[in-house]
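Below are two complexes that have chain A in common, paired first with chain B and then with chain C.
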Partner chain A sequence: MGAAAFVRLENITKRFGTFTALDRINLDIAEGEFLTIVGPSGSGKSTLIRLLVGIDDVTSGTISLDGTRIDTVPANRRPTCMVFQSLALFPHMTVGQNIEFPLKLRKMAPDARRARALELLRLLRLPESYYAKRITQCSGGERQRVALARALAFDPRIIVFDEPLSALDYRLRKTLEKELKDLHARTGKTFVYITHSLEEAMVMSDRIAIMRAGRFEQIATAEQIYSQPVSRFVASFMGEVNLFDLNGSDWGGLPVKLSPQAQAAVAVPPDWRGAVMVRPELVRFLAPDETADFTLNGRLHAEYALGSRVQYTVQAGDTPVIVERPFEQRLGSRSGDPVRLGWDAGAVHLIAEVAHGTA
Partner chain B sequence: MERLERRLGFLSALPIMALLTLSFVMPLLVVAGFAIMPQKVFSLAHLPDFSSFRVIIEQGYYRSLLRSLGLAFLTTTILFVICWPLAYGMAKVFGRFTLVITLAVVMLLFVSENVRLFGWNLTLMKGGLLEGHMRAWLGTGFESPLYGWPVIVFGMVYVYLPFMLFPLAQGISLVPDDARLAAADLGAGRWRILFQIEMPLAAPGIMVGCLLTFVLSAGAIAEAKLLGGRSVVVLTDDVESAFTFGQNWPLGSALSLMLIVIVALLVLVPISRIDLDTLMGRKR
Partner chain C sequence: MTDVRRSTRIALYGYGLLVLAVMYLPLVSVGFAAVSKARYLTFPIRRYTSEWMGAALTSPNVKDLVVTSLKVAVTVTVLSVILGFFGALAFARFQWRYRGLFQKLILLPIFFPQAVLGLALLIWFNALGVTPSWKTAVVAHLVWIAPITTLIIAIRAYSFDPALEEAARDMGASTTTVLREVTLPLLMPGIVSAGLFAFLLSWGNFPLSLFTSGVDATLPKWLYSRMVSGYTPQIPALGILSVIGSAALLLVGLALLRLLRRRN
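Right after this comes the complex of A and B.
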């Protein structure tokens, strides 16, 4: 994604009074990209996109689009459009009037407006009869589509999404996530999406930017974030993973036995401080004659069914080790049974402890 | 069970219904009855004729009716224009300061309308608070603005301000901030947002505020009396003199009835089209 920047945010700082919401942010977005910004509440992700569309002004720094500065352009003249968390549909207008709102502002002829609105309804798989429906008559998922159609009618260079799916139930959200990804592919527009769910980000995005306390922790593809998180924060944001404190050759009291390959994989300078990450699905239960680069004896603690997968916790040291495997490969063992765990040298990822904010 | 509830509801509404019938419906019926009596009678025991309405047309009483409605319309328009920004501030901008404004406006209501209008009279009259001081200090005075229709409108705007302000603020608070931001984001300018987003979404509040002020100022009498002197005759003046000096109850009743019918039509049509529940913040 190193191509010439389509959108470039440089040194963006936003303060509200004495509170710094964004602290010297830099971000390049490529044309046609689906970028998702993920972070916990209060990390500054909403603030960032409000600056991008012009609802709020930057305290310092610049935003440019195709090399032209846009941070001084007012929201109503910026070629950006936002799909709000609340969707912000106009309840006193019909679906058609909502979609045509930006077209009417451009003084498009009524016939052309109507044709475009119907075309967008089709694009979003809504029946044409919805044109005359009131917003209050539409369901949550339908409103979502109308909001999207309205944003597309504006024909912005960038569409920004502020957690529009967060209020919907799980199944509808899953469907719409896929539809959104599909829509992105069909329209070729640049999408900037924010969410607090990394799972949601993984489904849709080309790239994911993880935010924490007004700064980016990591900006990378889903795969890179999944397998090589740069910090404990990113690693733990990914869901449940094994993070073992590593201090020289001490694994935080965990009785791990290492093969020569394993020793090479976790060889660190004596003053290095940090953690070893092992993904639960890469940890295996070993048969008595089986070997692995890393081996560990412990006792089975609990079993949790996670749908298509099963999760086990194994008590070995102070921290329980998490193991996950497909549901069909459930273990016959009971709680308290002795087990031997193992994983390969390739399964470990080292996360160096760094002072926060230098990522 | 539901039947029982309905019965109980009816029973508990009985006392207030009886009171309203006696104190509100009956007098109205009496007024309506007198309106069709011959001129200058003092009982309802006469054959109805419609002479009062002929008198209203022939002697030009309809002019004061039009004057009253015109002044009420002007008052409502002026109130809407000056209250909108203030109400907007109260609903969206001022935060805690809103309470100060609310208290200040409500406190006005603690003093009787007549006393406050009389105060304005003393302030504005020739040799009064303003003109008197000016003449004493600068040597020249000015013509008193009293005794003309503009000062009557001024008085009504002053007296009925709270009745426009609070419903408007309530209506504006119904406009979601996101809708305004989204409209701007989609390319709308300030005026367009005002006319196409904010005003339609605040419509219930606008409607209630305008109706209250229109009805109150169409039936107002104190402003015309205390500030307008007798230079501008509004309908309520005519009603009063028909009942008192004129000793012509049927004429007074017919004039009242006309005002009641016209105002009722103007009010009932819009009120049937808005949902008061949304204004009260209740979900449908």
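Right after this comes the complex of A and C.
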């Protein structure tokens, strides 16, 4: 990104005592972007957004917004607003009072406050009668919407989300993910969202930043991360994929046969170390007369129904291979039956092994 | 509770009633002493009278005692709640280096024998050249009661989501606004309970007042001295009135807490 970044984090380090939570982080965020930071617990993603909104202070490095430094500005004067994991709705106030809280601090007149709160309730698809409701009378999903309405009432330049959906059940989470994406499109605000679920990130985000041990592993669009992960960590974070070890031309005992096209697709120097990634849905069961660039014999191990898809594990030598296909194309075979697998040269993605932290 | 057998249930009720009887029967006997016409309590009571109660209510001496006790109790309540509020924040809400030590030291005075604490404080006041009065009694009560209010408010503060204060600040609230709009209202049930405890403990306190209130007599101190010499049934009458007053205050406090709970 060019010099005109909306938000720029430069060389951010955060230490707690001797523990380094963030290690020289750089990140540019565009205006109106939906950026999701994904990482396991303890990867530093929560720390990062707490620095962004100013609840915690950076140990070193700078944060700027529209070219102006904001890391020295206290949280209550930063144009950022966080939707907390616990939502942090004030239990001693009504829904309306919660939404009006930032407006009241700005000394907006009661009538104008109320009008804005009702407008936000409509935007979040909550009935206006909720204005006088207690927070404790709202369900989990309604509380999410109230928290969002309150953040929008504050009207920040950036809204930051700290895993607000993690406590909800699966179906509600799926609904709210879509609503959030929709809300982002309607408001045009800059959203920075953190989650430990890459699946959630994929649904909503323009870009995804994958974090590991206080550094970014990869920052890219969902599509790029899905098809071209830069490391085993990123690949495995996305869920189940086939990662075959490859050292030069040694497949580590995997009984795979390669066509000339396949040879070209995995042509690497002899001292290359890394893995070949093949997504499970790109692996096919081959009929006896059928051929593919990569072919592999094995025995069917197990079948798992995943709703609209079926997943198979096939034992090829010592290596389990995962295959997925639509539910309509369920296999008639039983566990232990011999099967032949294949995939095309275009289905492989090479991941070079790099020492962590130098990427 | 349908799986509790009938005999077990009867035994449990019996036990409960026994405990209550042991706690309340002595108070009932004081009540009888207050309404007995005879100068010294004997059973059965032959003639009842309300004259001792009337005397207790109208005596100017008693009025002074009540005023002194009230002055001490109200001052102790206000100061111990303020001390307890900030103490509770340090106790429960903030991570700091000597927190563990603070948590232990602040609770220790609750377990000091009060008579010893009273005597020690008296010696301390003398050494400082302070003449004991109701004001020194306030200080003595605070040594014992402030830790209790701290503990009561801290229990409430422990269940407090720190994100609430962070969220308020994030949306533009200054430190004082956060305190006024978020921290105080959320700790209010704890503050009311603590205030109630502080008042009742100070109002009924004898051993600390005995040593540290000097010439200013509080109600319990005067009751004790009159029991030692110059007993009249006015003493149990006053005692019972004091208990009724405390109970009334307790009911008001509980109603207030209920109101707060409904609001939260």
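The working rule: the second predicted complex is superposed on the first by the 356 of 359 C-alpha atoms of A that agree within 3 Å, B and C clash if a C-alpha of one lies under 4 Å from a C-alpha of the other, contacts with A are read in each partner's own complex, and residues count from 1 in each chain.
In this text, a contact is a pair of C-beta atoms (placed from the backbone, for glycine too) under 8 Å apart; a residue touches a chain by one contact, two chains touch by 3 or more.
None of the values given here were measured: they were computed from a predicted structure.
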| item | value |
| --- | --- |
| Room on chain A for both chain B and chain C (clash or fit) | clash |
| Contacts of A:L105 with chain B and chain C, given as first, second, both or neither | both |
| First (chain B), second (chain C), both or neither touched by A:R77 | both |
| Touched partner set for A:R186, first chain B, second chain C, both or neither | neither |
| First, second, both or neither for A:S86, with chain B first and chain C second | both |
| Which superposed partner A:F154 touches (first chain B, second chain C, both, neither) | both |
| Shared chain A contacts, counted only where both chain B and chain C touch the same residue | 53-55, 75-78, 80-82, 84-86, 88, 90-92, 101-102, 105-106, 150, 154 |
| Residues of chain C defined as touching chain A within the complex | 161, 163-164, 166-174, 177, 181-182, 185-186, 263-264 |
| Parts of chain A lying in touch with chain B, wherever the complex brings them together | 53-55, 74-78, 80-82, 84-92, 101-102, 105-106, 150, 154 |
| Residue numbers on chain B that touch chain A, as the complex places them | 176, 178-179, 181-189, 192, 197, 200-201, 203 |
| In the complex, chain A residues that touch chain C | 53-55, 75-78, 80-82, 84-86, 88, 90-92, 101-102, 105-106, 136, 150, 154 |
